[in-house]
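These notes are about the structure you will find just below.
Every chain is named by a letter (A, B, C, D and E) in the order it is written, and numbering of its residues begins at 1.
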Amino acid sequence: MLRKLFKFHGGVKPQTNKAPSTTAPIAPVPLPDRLVIPLHQAVGGHPRPLVQPGDRVLKGQRIGGADGSLSSAVHASTSGIVRDVAPALMPHTSGLTTLSVIIEPDGEDRWAELDKLNYRSTPPDELRDFLRDAGVVGLGGAVFPSYAKLKPGKEGHLKTLVINGAECEPFITCDDLLMRERAGDMLKGIVAMRHMLHAEEVLIGIEDNKPEAIAAVQAAIAASGEAGIEAVAIPTRYPAGGAKQLIRVLTGIEVPHGRRSTDFGVQCFNVGTAYSIFEALELGRPLVSRIVTVAGNVAQPRNYEVLIGTPMDHLVRLAGPRADTDRYIMGGPMMGVRMPAFDVPVVKATNCVLVGSPALFPPPPPEMPCIRCGECAKACPADLAPFEMYWFSRSKNFGKAQEYHLFDCIECGCCSFVCPSHIPLVDYFRFSKSEIWAREREKDAADTARDRFEFKNLRQEREKQEKAEKLAAKAAATREKVAAGDAATPAAAGAGAAPAKPSGDDAKRALIEAAMEKARQQKAQAAPKNTEVAAPEIQAEIAAIDARRESAAKATEATPPAPGA
Amino acid sequence: MLTALLVMASIAVVLGALLGFASIKFKVEGDPLVDQIDAILPQTQCGQCGFPGCRPYATAIAGGEAEINQCPPGGEEGIRKLADLLGREFKPLSEEHGVEKPKSVAIIDEQTCIGCTLCIQACPVDAIVGAAKQMHTIVAADCTGCELCLAPCPVDCISMQPIAETVDTWKWRYPVIEIKAAA
Amino acid sequence: MDTQAYREIAWNGIWKQNCGIVQILGLCPILAISTNIVNAVSLGLATILVMAMANLVIAALRNFIPYEIRIPVFILIIAALVTVVDLAFNAYLHELYLVLGIFIPLIVTNCIVLARVEAFAAKNEPGGSTVDGIAMGIGLTLVLAVLGAMREVVGSGTLLSGIDMLIPGAQPIVLFGADYPGFLIAILPPGAFIALGCLIAGRNWIEARKQARARANPPAPSAPADAPAEPA
Amino acid sequence: MNNSPFVRKAASVQSVMLQVLLALLPGIAAYVWFFGPGILVQLALASAAALAGEAAMLAIRGKPKALFLTDLSAIVTAWLIALSFPPIVPWWLTVTGTLLAVVVIKQLYGGLGQNPFNPAMGAFCLMIVAYPALMSQWPAAGQLDFATQLQLIFGGVREVDAITGATPLDALRTALRSAASPDSELHGLRAAQLMDGPAFGWLGGKGGEWVALGYLVGGLWLIQRRIITWHIPVAFCGALFASALVLWGLRPEGFASPLFHLASGGAMLGAFFILTDPVSGATTARGKLLFAAGAGVLTWVIRSFGAYPDGVAFATLLMNILVPLIDMKTQAPVFGHKKD
Amino acid sequence: MSEPTALGLSARTGGVMVAFTIVFTALMAFTYGATKDQIDASAAEEKMKLISEVLPPASYDNLLLDDYAALGPTRELGLDNGGRVYRARQAGQPAALILETTAPDGYSGRIDLIVAVRADGSVSGVRAVTQRETPGLGDYIDPKKDKDKKAPWITQFTGLEAARLPQCKVKKDGGDIAYHTGATISARAVTNAVARAARYAADNQNRLFAAPSGSTL
C-alpha cells in the first residue's frame, strides 16, 4: 500500500543523534524536593491561581483555572503542600519570571478523585470544556490548547486528521518511544479526536528513520480494527515535523500563514497530545506528566516520564551529565530554547532537555557578510528569501522585511544551519518580529490615547458650552426676577440676586477669586516642589511624613507642609 | 519679427488665462500632512513640546512654526521619522523641551490621595478614575506617562513607575556577534 | 539687509546649499562640460551672469508677478536673459561658443536657476537676491572648476587647455610631460560621474567630521542668525 | 551565547571561493597551453595587487584582516580580471585594474557582499574605456614566446602594433564590415570563409575555443558541486545563441554565427564565473533566468553594434544595475501563498 | 483683497503674461539685431579656418565662401541629404575643389569630412568635421584627438598625388595608408571616403567649376 506523498521545499538533513536515547525504555523519575508549576504554560490567557500557600493539594487537582476564551487549566503534578504562589524563573530565554505554584511533595503521590467521561455520549461543547479543564495542550512544542482545535470546520466534518509522529528534530525521541511503548493507548486518543472532528481519514506521519515506531503503530491499528487510519512513513528531512510541512507532505495542502488548517479540511495533532487525550478521557487523568528526552552531553541519554514542574537539573542528574556542561536547551538543537538556569522546571512544552557543552555545540564562527549565495532560500521550508529578510532586519527596515513575508517564517533554523557566512539569520528574524509586535502595541496605544484625548477635548468643550448656557439662562432668569422684584420687594431681591447681581461686577469678582485661588495653589505646589532636588530617599521620607500627618489630622484642614530643610 | 511677437503674445494670453482659471478650479483643500505628522507623534499629549497636545504640535510643524525636535517621548526615533517625512535635517532632541525617558505609567499612592480630583482634570486621556473625596486610581492601560498629573497633585501622591518587562513585552535583542580583530 | 545677512546668503550658496554637490541640481551641464577647466569655468561664468540677472530682475518685479503664473513668467525671463547671453557668446567668444554649444541655451532648463528664482528671488529684495544668484553661481562654478581640473589632470595630464580661447596667446600647463598616456575615462562621461561622486563624498566627509567635532565639544549656546527664508 | 540553531553545516565563504578557484583551473591550463605562461604572471600580479589593496582597505576601515583576507574572494576577483584582460597588457594596467576592482568597486561599497557591481567586470570596463588601445591587443595562439610576453608585460616601449592583432571577435567583426562594403576585396564573403585566417579555429578564435571549453568543464563541475545553479549559464548561453541566430540566419554575410559567439571572448567565463557571482547577480530562480538572458542579449548587441569589441563586461554591469528590480519582481510565492 | 472669480483672475493673469512677454521678447529681438552681424562674421571666420587647414589660403584668391555649388543627394560622396562644394580659383582659373563628404561606415556611424582636391587631381588635405569613433581607439582620425601631435594620422592625405590615388587604401587592404591596431575600421572608412571624393572631383571637375555660384546641381 503506497501512498502518494508530496514534497515540501527546502529542508536540511542534520545528524539525527537519535539512537542513544532509544536503547532503553521510558523510565520514571523519583519525586523531586520541590515542584515549580508555572500557571501560564500554554498559548492564551494566564490561568488564575486556585490555591494559596499552605494549601494541601492532591495529584491531578486543579491549581490554575482557565481564564478567557483561549486558556488551559494547570494541575498539581503530585500530592503535597503549596509552599508559595509567587513569580519564579520560567523556562524561557528571557530569564523572566512568571507566577508559579510551588509544591512540596508529600511523597504519597496520591491522586485526586478522577472523573471519567464517555466521549461518545457527551455533547461536543462539554467535551471541550472537559479537555480544557484537564489541561490538555499540544505537546509537540507549540502548547496550543487542544480543545480549541478539536472543532470541525464550517462544514461540520474534516477531511483529514493528521497525527504528527515525525519528530524531525535531532536528539529528540520522546514521540518515538511513546509510539513504540504506548501505541495502543495513543490510538484510543486518536479515535476520540477523530470522533470529535468527524474526520474521514487519519494519517499518522512518522519519519522513516523510526521503523520500530511505524511497526508498533501499524500493529496497533491492525489490532484495533479501525478503518481509515493509516501510519505513513515519510522521508526523513528536517523540518518534516513542522505541522504545515507534515500536512503538505501527507496531503499536498499548503496552509498559508494566518489561516486555519480546518478551512482546508485538515487538522494536525502531536502523538503525545493524542496520548494525553486518551489519559484524560479514558482514565480521567489531567495532564500532569509528559515524556521528556534527556540527551546531549550526558552519559546515558534516555526518555523519562516526568511530572510537570520537576526542575530540569533533577531530571538531568538521572542521565549523568558530563562535567563540561554549560547549558540546558529545551527542545532540539535546531529550534530549542536556551534555558536561563539549570533549575528551571519542566513544563508541558518540554519535549527534550538537551544538555549542551562548548564541545557539543561550539559557538558559531565569526559572522561574515552575506554573499547572497541563496543557500538559505534553497533550505527554507516556507519558500522565503531569508537573505532579503536578513538584509532588511539588519537595517531595521521592518516594513520591507514584512513585505518579504517575515511572519511566514517558522523559525525552524534551516537558514542559519546552511549559511556559509555563519549569520544567525533566525536571531535577526526573531528580533524583527518582536520589534514589529512592540511597534504595533505602541501604535495601538497611541491610537487609543489619541481617541481618548480627542474625546476629552470634545467633552470639555461640551461641558463649557453647557455651563455657559446654564449661566446665561440663570443670568437671564435673575435679571427677569430682579426686574420683576424691583417693584415688589427690593430687599428680597437684593438677597436673592447677590451672587449673580450685575453681571460685570460679579464676573470681575469671580476672576479675582480665581486668580487668588490660583496663586494659593501655586504657592502650595511650589512648597513641595523644593523637595524635588532632594535625593529619592529623602523624598520618600517626606512623603511618608506627609502621609502620617495627613492621616493624623484628617479632620483639620490640610496645610501645606513646611519645606523639609 | 512681428509674427514672432504675436505668436508669443497669444501663447502668453492663453497660458496666463489658463493658469489663472486652473488655480481657482483645482484648489486643494485640507492638509493631509498634519495627519501624517500626527501619526508619527506618540500621542502622549504631554505638552512638553510647548503645544497643548500632539495634534496642535503636528499642525505647528506642518505650518513651519515648530521644530521637529521638541517631542521627548517620541525620542530620537520619532525625530528621525519626522525628518524623513518632511525632508528636513535630523536634529538632536532639544534639551529645553525635556529628555527621553523610559516609558512609564503614573501610580497613585492610595494611602496619601485626598481625592481632590485635580489630577483627573489634568489627565489628557481620562486615564484616572475617582470622584471628589474618593481615592483615585490610574488605569494603567490607558496612561500615556505624560506626567501632567504630577504637578497638580497637592500632596504629591503620584509617582512615575517605569513599565516592567513581561514575557509578552519581552523583545529579542539585535543579534551582535563580535568579530574579533584577531579572528 | 546687513552685511551679516549677505554673508549668510553667500555662504549658503557656496557651501551649505551648494547646487552641484548638495542639491545635485543642474547635473547635465556639470557632467557634460567639465572635461577641462576652461570649458567648465566659462559655462560657470555664464551661469553666474544669468543667475545674477534673473534673480535681480525677478526680485525687482516680484510684486508684479501674480502667484498663479509665476513659473511661466520666470521661465520667460530666464529664457530671455539666456538668449541674450547666448547671442553675446556667439558674437564675441565664438570659439568658446562652439565648445559650450548647446549648454548655454540649456542654462534655461538648468534647475538651479529656476530653483533659486522660485525659492529665493521671488520672496526677497533685489540686493539679497542678486547676492544669492551670484553665490549660487559661484558655488556651481567652483564645483565645475574642481571637477574640470580633476578630469583634465587625470585624463590628459594638462591644466587650462584651451585658455587661448579666452585669453589669446596664453598657454596651457602640461603636467606630466607629453608621454602621459592619459586616463581616458576621466574625460569621458563615466569619469564625470565618478569625479562628481568623489566631490560629494569629500564634502560629506568634511561635514561629518565637522559635526563629529561639534558633538565632541559643543559650542556655547548662542542663537545663530537665522538664514533668510530657505526652503527645505 | 548564541541561540538556536545550535548546530551548523560545515560550510564557509572560504570553501565556496576555493571551489570557484579550482573550477577555473581547466580553463587556465588551456590558456597556458595555447597562449603561453604569460597569463600565470598576470594571475600572480593580480592576486598580489588584490590582496594588498584589500589589506590596505580593511586596515583603513578597521575590519578584521585575517578573516577577510583568507576568504579568498579577492583572489577570485583577481583571477577573473587577469583572465579577462589581454595577457600582454603592461603590469601597471593589471595592477591598476585590480586595485580599482578591490578598492573602489568592492571595498568602497562596503566590502564582501556589499558591492552592487561585479568587481572584475567593473575593472574591465573602466580599463577598456580608459586604455582602449592596450586593452584591445590580443596575441594569437602560440604567437609570442614567454620572453616576449615578459618583455611586453614589464618592458617599457611597446611596438605592439607589429606583433599583435585584435581579438577574434573584433577581427571577425571588422572582416564582416569589409565584406559588407562594396569597395572591399572581401565583399560578399561569408563568415565561415572569413574565418579562414590563422587567428581562427574551428569554432571561435584559435586556442580561445579550447580555453572556453576549459571554463565550460569547470563550470559544469561547479553546478555538480551545487556552488552555482544551472539557471544563469543556460539562460545566458541560450539568449546569446538565440539572438545571434536570428540575424545570422537572415544575413550570414553580416553577422557572426551563434556558435562563434559562444566560443569567443568572455562568453564562457561570463556564463559560469562572472554572471554567477551571487553578490552582484540575481538570486531568485526566475530572476536568474531573466538576469542572464538579459545579459546574453546585451552581450550580442554590444558585440555586434557597440563601440568596444567584447560585450560581456558591459552587459554584466548593465544587468547588475537591474538586479534589485529583478529580484524584487521575481520573488517566488511563499509557502501557502502559491496560486495553483 | 476679495476672492477673485475664475474669469476675473484669468483675465488678469493673461494680461500680465502678455505684458511680460512683450517686454522680454523685445529684449531678445534687440539683442539679436545688435549681434547679428558679429555672429555672421564669426561663423564665416570659423568656416574659413577649417578650410584653411585643408587648403593653404595662398593657393586661391576668390571669396571662397561665396563661390559654392550645392549638391543634392550624392552617393559617391556619401551625402544622403546633399552638401556643398566650394570652388577655389586663382586668377579666375580653377585651383581646387573643397568637398563636403561623408564616410558612412565608421565603427560608430557616419564620419563627416571635408576633402580639398586640387585641380591637378591631387588631394590637398582632409579634416574630420564630426565623428563619434571609439574614444582612444578609432578617434585618431581627428587630429585634435590624435596622440601623435607632430604627424597626425590624417596628414597622410595631405598632398597625396593623383598618381598615388589607386593606392589610397589601408595597408590591410593592400594600399599605402597606415592605421592603428585594433581600429582598422575607422581608418578604412576615412581612407575609402577620401579616395571616392578624389575620384568624384576628377570625374566632375568641369561641371563643378562651371556651375553658377549658389546653384544646385
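Keep this in mind: a contact is a pair of C-beta atoms (placed from the backbone, for glycine too) under 8 Å apart; a residue touches a chain by one contact, two chains touch by 3 or more.
Here the structure is a predicted model, which is why all the values come from computation and not from measurement.
Visitor: Enter the minimum step count from chain A to chain D; a value of 1 means the two chains touch.
Guide: The distance in steps between these two chains is 1.
Visitor: Figure out the least number of contact steps between chain A and chain C, where 1 means they touch directly.
Guide: Step count on the best path from chain A to chain C: 2.
Visitor: Look at the interfaces B-C and D-E and say which one is made up of more C-beta pairs in contact.
Guide: Most C-beta pairs in contact, of the two: D-E.
Visitor: Computing the C-alpha centre of each chain, which chain sits at the greatest distance from chain E?
Guide: Relative to chain E, the chain whose C-alpha centre sits farthest away is A.
Visitor: Approximately how many whole Å separate the CA-defined centres of chain A and chain B?
Guide: 32
Visitor: Could you give the separation in Å between the centres of chain A and chain E, each centre being the mean of its C-alpha atoms?
Guide: 84
Visitor: Between chain B and chain E, what is the gap in Å from one C-alpha centre to the other?
Guide: Taking the mean C-alpha position of each chain, the two centres sit 68 Å apart.
Visitor: Which parts of chain B, given as residue numbers and ranges, touch two or more other chains?
Guide: Residues 12, 15-16, 19-20, 23, 177, 179-180, 183 of chain B each touch two or more of the other chains.
Visitor: Spell out, as numbers or ranges, the residues of chain C touching 2 or more other chains.
Guide: In chain C, 66, 68-69, 72, 76, 184, 188 touch at least two other chains.
Visitor: Considering chain A alone, which of its residues make contact with at least two other chains?
Guide: 364, 366, 424, 427, 430
Visitor: Applying the document's contact rule, which stretches of chain E touch chain B when the two form their complex?
Guide: 4-7, 9-18, 20-22, 25-26, 29
Visitor: For a test of understanding, state which residues of chain D touch chain E in their complex under the given definition.
Guide: It is residues 129-133, 136-137, 160-161, 164-166, 170, 174, 177-178, 181, 183-185, 307-309 of chain D that touch chain E.
Visitor: Under the touch definition given earlier, write down the residues of chain B that touch chain E in their complex.
Guide: So the residues of chain B in touch with chain E come to 1, 4-5, 8-9, 11-21, 23-25.
Visitor: Which bits of chain E are touching chain C when the two form their complex?
Guide: The contact residues of chain E facing chain C are 9, 12-13, 16-17, 20-21, 24-25, 27-28, 31-32, 35, 38-39, 42-43, 45-46, 135-136, 147, 149.
Visitor: Which stretch or stretches of chain D touch chain A in the complex?
Guide: Result: residues 1-9, 11-13, 15-16, 64, 67-68, 71, 73, 110-114, 278-279, 281, 283-284, 327, 331-338 of chain D touch chain A.
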